[in-house]
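Here chain A shows up in two complexes: once beside chain B, once beside chain C.
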Partner chain A sequence: MTKTGKPGINRRTTLALMGAGAFTVASPWVARAQAKTIKIGMPTILSGRVAQLGTSSRNAVMLEVEKVNAAGGLAGRQIEMVVRDSKGQPQEAARIARELVNTDGCELLIDGEASSGSFAVHEVARDIGVLCIHTCSEASSLTADPKQHIPNAFRCVRQGIHDSIAGGSYAANIAKAKGLKKWATCSPDYAYGRDTTAEFVTYLKHFAPDVEIISETWPKLFQPDYTETVTKILQAKPQALYSALWGGDLTSYIDQANIYAMFTQMEVFAVNMADYTALTVVKNLPKGIHSGNRYIKTYPATAENAAWGDAYKAKYKEYPTNWSWQNATAVMFLSEAAKKANSTDGKKLAEVLTGLTIKCPFGADGTVTMRGEDRTLVGYAIGWGTTIPNEPYVPEVKSGDWKQIFALEAEWKKSKGYT
Partner chain B sequence: MSELNVENRAGAAPFVTRPRRAAYTDIVFAIIGFAILAALPFLFDSKALLDFVIRCSAFGLFATSLNLLVGYTGLISFGHGMFFGLGAYGFGLLMQRANVSIPLAMVCTLAITAVAAVVIGAICVRLKEIYFAFVTLAFQMLIHSVILSWQSLTGGDQGLRGGIKRPVFWGIDLTNHVQLYIFSCALLVIGLLLMRQIAQSPFGYTLRMIRDNATRASFIGINVWRAKLTVFVLAALFASVGGMIMSLFVSGAYPEFAYWTISGEGIFINMLGGVTTFLGPMVGTVLLLILNDTATRLTEHYGIVLGVVILFFALGLRKGLMDFAVDWYRAWRDKAKEQS
Partner chain C sequence: MDLDALIGCLGSSACVVTQTTSGLIIGMLLFLVAVGLTLIFGVLKIVNFSHGAFYMFGAYFALTGYQLTGSFIVALLFGAIGAAIIGLIFERVFISRVYGRDVLMQLLVCYAFVLIFDDSVKLIWGAEFKSMGMPAAFQVPPWFIAGGVVPPFYILLISVALVVAALLGIGLARSRLGKVIRAAAHNPDMVSALGINTAMIYGSVFALGCALAGLAGALAAPVRSMTPGMGFSVLIESFIVTVIGGMGSILGALIGALLIGLIRSFGSLGFPLFTDGLMYLFMVIVLVARPTGLFGKDVA
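Take a look at the complex of A and B:
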């Protein structure tokens, strides 16, 4: 076969060579721009008794990060999550948070720690100035106490004080309607249990001054046997019981109290009942337990919330938790802030995040706000309802009034010396 | 040991002296060790490395002080973590509330720890073996419960919040990461040097005698209770310094620092490194922290990895790494002598 054509390099070949040359010269920059991902570090608890906190938080973050990456990333940069297990130890949480920033090159932190771990990560954020969003710690003091205020730390979590005001108001209405004056409490014996219970009782009495607490029990965290607690409450014969037990403790308590038919003898208010971690685990979920919402896909009763819950379940073969929606919301905030700032710089993001309102499936009115004065989440769906044994578990939820919550929260802050 | 002169004098307890030269050798080694550590920030630009050494300083002092009890005196304490926690809380509270300088806060914390150790030790050291272990554990849980319950002072289970101030003293600014690192290294080296002098002193050999045969020690005129109490308090003081370093590192103090798991980690570090050599616990600390940091990067099943390592040391080597290395070296040396 003979080759036809002019000798030498023709026009097409010249263009092809120029193109190849340009690509060769430019490719390192193209590759570098593509590889310029933004790493977000996430210390959380992935082992031990509350491992579900970390796994359900991570799942929700990954679900949202996939969406953000598919839509072009954070200000054009693809997100790479680096998630590490702190084992629930604050010194490990601090160590990992520092390592994530200093060694792994994470530019932002999503802090999936609970309780003391979140305070340890907060100090790391204070120390090294990295933008940090707390997503699991419900301790009100984390953002209410002005000593904790730093411009680069935010909290995207429901708060004990908000739950207590909404719960106190709801329970007072029931108490007045049914004449419930003698109350008992049963909450875990640590800061969260004691603080939340004290605040609930304060607001219950605020709205229904006739109420009297006739019995208090404080089982240990992760206590296996509640017989003594149940019998003590039954002997006191209260008309209503409040409990801040949660997770496995709450389900064990309900299973054991069912044996004594406790739920037929008094009205029970369990703030942490309406979460799939508890609802789906109790063997015989009694009808009529009053509960605050944690996460259920039917509240807020919007197509967006139901779709999000279904998408999570389809991907992970289990329902999301309260921690899940909080972590998902944190990613939504970051995504929106990056769009507004057109940057992934921590300082610019922090400026935009302060006071930012975004559309969110978990908002009381379809939006949530990162309140500017204390950089904490407000406007999320908060309400109480009663349980039924099967899905949707809490068919009707009465929404809390955020105006009332804000007013009483301001008084609470004053009483604590925070303002 | 070659560095010992044991003179048996008629009618007197064995009199043990240590040549001054050996102490100087320790000081020279300490200075060299400190110089190497101090040079690291200028050789490697790694903040994680500095963090690692700071944590090694905290846990190294804690574990080595525990070895004064376990290895040298035969007192297996399951509650040594309480002094680590006391150090962290005492120092943190003084810095937050008393508005004092760092050196003064450290001295006051040591004084508080000493008082607590004298009271607790006076009860515990009367007991032996498992009884001693369990009573120390009980005191630890008591202190842990007090920390959880006394919320107005300690912050309960959320710990000391708001950060720990680090005002400049003697020109040292501990808000600077490198200066905090060098300060921690200095505390580690001084602490190890002091513990080495204790271990190699006549008092240290008295402790070994008590460990091997307390009745015999008593019969030759040693006040066993007083010796045990003294080492209990000394060990508590060094553990407290470890706690102070940790509180500076995390800028807070948390109830987990006084929980039994910290004591458990101390025992595990001693198992890893070995209790028959002075530097065994320090080697164990480095090993455990490397293991911890590597395993948590690679897997969520940290417990399985740790369990396998424990099995390897307990069933495989049947001793700590330094013990194994020393035994192997001695066997090799003896064999070489025989052949020559």
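Take a look at the complex of A and C:
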């Protein structure tokens, strides 16, 4: 007897095909895992006031990707970057991150967002399980808080808490040597400014208990005029000022404070000064501003770092930024992990990345490590120094002590209930 | 709240001088932007939501002028004239088409051009922030008046704004062109019937308003970093000034701007976390007491 049926495909086959189709659409990184090229998605900020940092992030990634591709690619697969502009909006960053994976077929993500956007992208990574490396968010809680821990997300960025410990230690030494007991602060009025300032003050007082904060000012982010904050600080007559202002806000502040001769009346500690974005823009940079290193090609003072800075400048006709070295390091980590895993599979890469140490021009000792316990970057060059008006801008940088940073970071985590 | 700091300041001549000067500086720059806004509204009945963009153009044109010549006077002229030319073209080609239309249409056109102008600046001067730097003549130590700190550059800035205020006030009150402008503000049909080219008057007033915003941007360029979109925050405060002073009133713009400057300056001492709130609170009080603003009846 011959079995008969309706022409065409039956219901069971239709359901199976639909299921396979839906799976393919929903999980394209799985379906396309064997493609010759590997797409890496990157949401970042390419427009608005922070565009310069986002652009410098993309530039640094492209610089490193070219090297990886020239050397044979990521485990034999050529990298194709797909970079999208989030305009600095967290919801847009999250939407783009999801779209990059689900629609564009990206198998890995480099998250070039500022803190607010990074937390949004982090949730996308948690949801869809794609390997994600955060490259710009300095908010310590992104990796310190165990609630944020997921096996597929890493952070390749300097951290606020590390900078505050190194900065607090450096500033306390100056305070003791020069008898600076009365301090003022002036930082932007949002999470980064408030948190960073509080942490800096905590460690400044930890190392120099005599210090007293006699004035605080919190200008709005992107405020055009700082005259009232400058004169308020002058009225308070502090011996030293700490500021976490950055970018155009910092340069405006310096220009406006300069004409009141503020920098001759007190020691100024501006954590974000030593970045080329600010150093090259201020026309009358005062001598002697204390700053944490962001990115300068003379620190760490190695041939590798200088060569990297020069190569970037030769290609893009401007100096790299703090975000640049972090993004470049992320690509270096991916490249090394792919070699060790001999694979581009996200899970295998994540296993290798955890605790991985690589040679890196931006390392304090020539290497950096993706610390296993919280999947965050440690061992990068961190230090403070004073500015001069021309290159090299910060001729001498006093390095932070990573042993001290680790010890105090562990105490800080405990105090926050993270461990 | 830190009332002790505020009271302590009021008891010290040095502090009063420093904070008053600080308030005048903030106020005078605001005045230059707000007076253009109020002038345009008074004559053209257009709420120019794109006015902040001309402040931005002024700053960037001044930067270019300064880079080309090294002269701050040329930079000021570049800023004012450049903004005026773009304003004139904008008014003739686009704004003139929405005269008499509802405010939503005006808002739509202006907002579209805010985006276009911001992107144009990005294309021409780049997305990164820029700084002009202080002209060499003003790279001098500040003056000390009654113990208070007063930078010479800010004396120039206040003087220029005061001269502009005086010229505008006298020009509108006494000159023939001023009388025609005031007549056009009251009854444009009658002015047109008398054979006066109202289109030219409208274009001139719009360009003048933009030139004033451009001058403010040029004056601010040595001390404020420039970025595409920098006009937005100035625009908000300028609207507050015009609402307090009364839409269409030049004297109102001057008084409103000075009050806002002084509120910011002294408020930062006594109410450091509520300085912006003080500004809005003052606006609310004025609106409740006088809904037309302090000088709302004095239409230009």
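Here is the rule we use: the second predicted complex is superposed on the first by the 384 of 419 C-alpha atoms of A that agree within 3 Å, B and C clash if a C-alpha of one lies under 4 Å from a C-alpha of the other, contacts with A are read in each partner's own complex, and residues count from 1 in each chain.
The definition used in the following text is that contacts are C-beta pairs under 8 Å (C-beta built on N, C-alpha and C of every residue); 3 or more make two chains touch, one makes a residue touch a chain.
What you see is a predicted model, and the numbers here were worked out from it, not measured in a lab.
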item: Partner chain(s) touched by A:Lys205 [first = chain B, second = chain C, both, neither]; value: neither
item: Touching partner for A:Lys220 - first (chain B), second (chain C), both, neither; value: second
item: Chain B versus chain C as contact partner of A:Lys283, first or second or both or neither; value: second
item: Chain B versus chain C as contact partner of A:Asp255, first or second or both or neither; value: second
item: First, second, both or neither for A:Glu228, with chain B first and chain C second; value: second
item: Which of chain B and chain C A:Gln52 touches, first, second, both or neither; value: second
item: First, second, both or neither for A:Lys181, with chain B first and chain C second; value: neither
item: On chain A, positions contacted by chain B and by chain C; value: 47, 51
item: Chain A residues within the chain C interface of the complex; value: 47-49, 51-52, 55, 216-218, 220, 222-225, 227-232, 234-235, 247-249, 251-252, 255-256, 258-261, 277, 281-284
item: Chain A contact footprint on chain C (complex, rising order); value: 5, 9, 15, 18-19, 22-23, 25-26, 29, 122, 127-134, 138-139, 141-142, 149, 151, 153-154, 220, 222-227, 229-230, 233-234, 264-265, 267-269, 272-273, 275-276
item: Parts of chain A lying in touch with chain B, wherever the complex brings them together; value: 46-47, 51, 84-85, 87, 89-92, 94-96, 98-99, 102-103, 115-116, 119-120, 123-124, 126-127, 139, 141, 145, 147-148, 190-192, 194
item: List of chain B residues in touch with chain A within their complex; value: 46-48, 51, 55, 148, 151, 156-159, 161-163, 246, 249-252, 254-257, 292-293, 296-297, 300-303
